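Quick one: this structure, given as structure tokens, is what I'll be asking you about.
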């Protein structure tokens, strides 16, 4: 059975309209909700979520991502094929960067503009809900195996987005908070290999000037004690064992973070 | 694969019992959660949600709706077939009006009372959870293709519900707030065609005395500015770009709303 | 189609990684979310949820339960086969009691330690997310019909958990609050048969000294009036009609409760 994933900022209710449209076109597809709770218009956060999860999905998965503050304006609708031959996954969503880090992570990619009205909702395109009217049907048709060239012309350019603004500054690793999850765990853009070059598990680090243990998992520190760890996403996370690091450290999406080995 | 949708006020946890029962009877069915967050006992809100989404679902879909403050009392359990031949959809739920607007929207309908104990949960009927004990199994059997006559006798009467209390009063269009979604967008019962007779996109309207722009989509006004638009449901909505109109306008489900062209 | 259920304290986002892994191994499986909103580290609450729902699931269902404060420590990973021949269901999760009441409810059980690296995530085992790296793949392989012996050695011991601390004390039935659901309904560990030995529907009881009606369903008392009933789980519940009993009675998970017939 083919597989479609959904990542949106739609909250309740609206995802069901997308699923109805998808299953009307491809009744055999499995649909996995990645999340519908991306912060409204949180393109960077949505991009990171897709980016961090894409490697767990099987080949041929079609990822529909809709965090789309430009809906109804002239921003383009994209379909992307990414990954080496036989291992491709597909992406459908707005041209605002949302899909790019996940697609790029899979290797080479081909970007197409969705322009074929045959693949859009027959009852008309609303100005506010392209998730239902354009992206859901395009994704459903791709999950049935139509060639991606059928959606429209291949295009050479697209809006870019990356999580690359981390680096070394003297004794500090500087990075950015990508988002805080529903438990208050603070996920940064600092990848595992950079951190492990500077620190070993069991040592202490300073997070924005505050000393915490760098350990492998929550249970290695006491209840309500802070810790730094390599999260399941493969990036440095700041957490509090059975507590909320986002609140304790005052860190939210977009904030700078400085890590110092001590 | 056949399709069942679920619309309830059950919140977390209880929908899983319905799904277990459904998949025990029909392991091949696809289940789509429309929502489980209808306001408790919000029959009118649940009816509008089903009504607004039903046209996106494919033929033969079985919609199970359970917003059921009368559970365990003498209110009847209904199964409905609606729509023209070959395009039918089915509805299962309590006789309190919840299913009627959606079913009626599809065209002619036949209403049956669920009375056949063979189609109910074998381990007994609780007084509090007919969603699991009666509606889930009835819906699962319908999704397997049993004729609707098997559920019980056809009945001529049922509890009615409509969203019809809108109209023109001098310079005003008067309507009602059906519900506010999780973003605070205020959805009214005033249909698209009435609004477009009085206003054109780009004009100003007064919403309960407050002037706002009537535009096609959110991006046409500034951040935190209010707007009126035709929502993706096909009805007039009041919204605030990246804000909460329900809070800003003090409007909630059941409130009257008066729109004036200016 | 085979069936996998998921019960976790993961909130949003992380369940999708488990589903991606599961569907990569078994694309034909149906996945039912029981809940991802168990209180963090609420092993007893998670165990009760699984326990109360297991009887509604069809044979061969694989239940993956992950409420796992000991993740990354030396606690073992379990797979369990439970139920009489031809009616077995399977359970996968940590060795902390979470799975035991549900499995025991089905009758005889066999407990195995998950030790076969062939059944774990190929890209490596994180210290923080065994739900994705160990339990999801083990459950997916079981749903494909591998013999349970393939996961690892059968073991004679496991961490136990039961809901047995209720009893009669003079005129009182004493029990414990297992959890409060999202509506504030207070679910106790006092089973139906004990309650019905002491009280009949329509009588009054005292709940921690406060008099309430013992009735069959919510509609038998006025709006915002408290009631005691046999919940759909088959246990005594304290509720408030269209209100929140957990708040009104100040009762939460783990609290003692004393019921007196009056």
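Per-chain numbering from 1; labels A, B and C assigned in written order.
We take it that a residue touches a chain if its C-beta (ideal position, glycine included) is under 8 Å from a C-beta of that chain, and two chains touch if they have at least 3 such contacts.
Predicted model only: the values in this text are computed from it and were never measured.
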item	value
Rigid-body rotation angle, chain C and chain A, from Cα fit (steps of 5°)	120
Self-contact between copies chain A and chain B, residue sets same or different by half	different
Distance between chain centroids, defined by C-alpha means - chain A, chain B (Å)	31
Touching two or more other chains - residues of chain C	none
Complex interface listing, chain B residues touching chain A	1, 3, 5, 30, 32-35, 37, 49, 53, 55-58, 61, 181-183, 216-220, 229-232, 242
Touch list for chain A against partner chain B, complex	11-14, 16-17, 19-21, 23-24, 27-28, 40-41, 69-73, 123, 126-129, 132
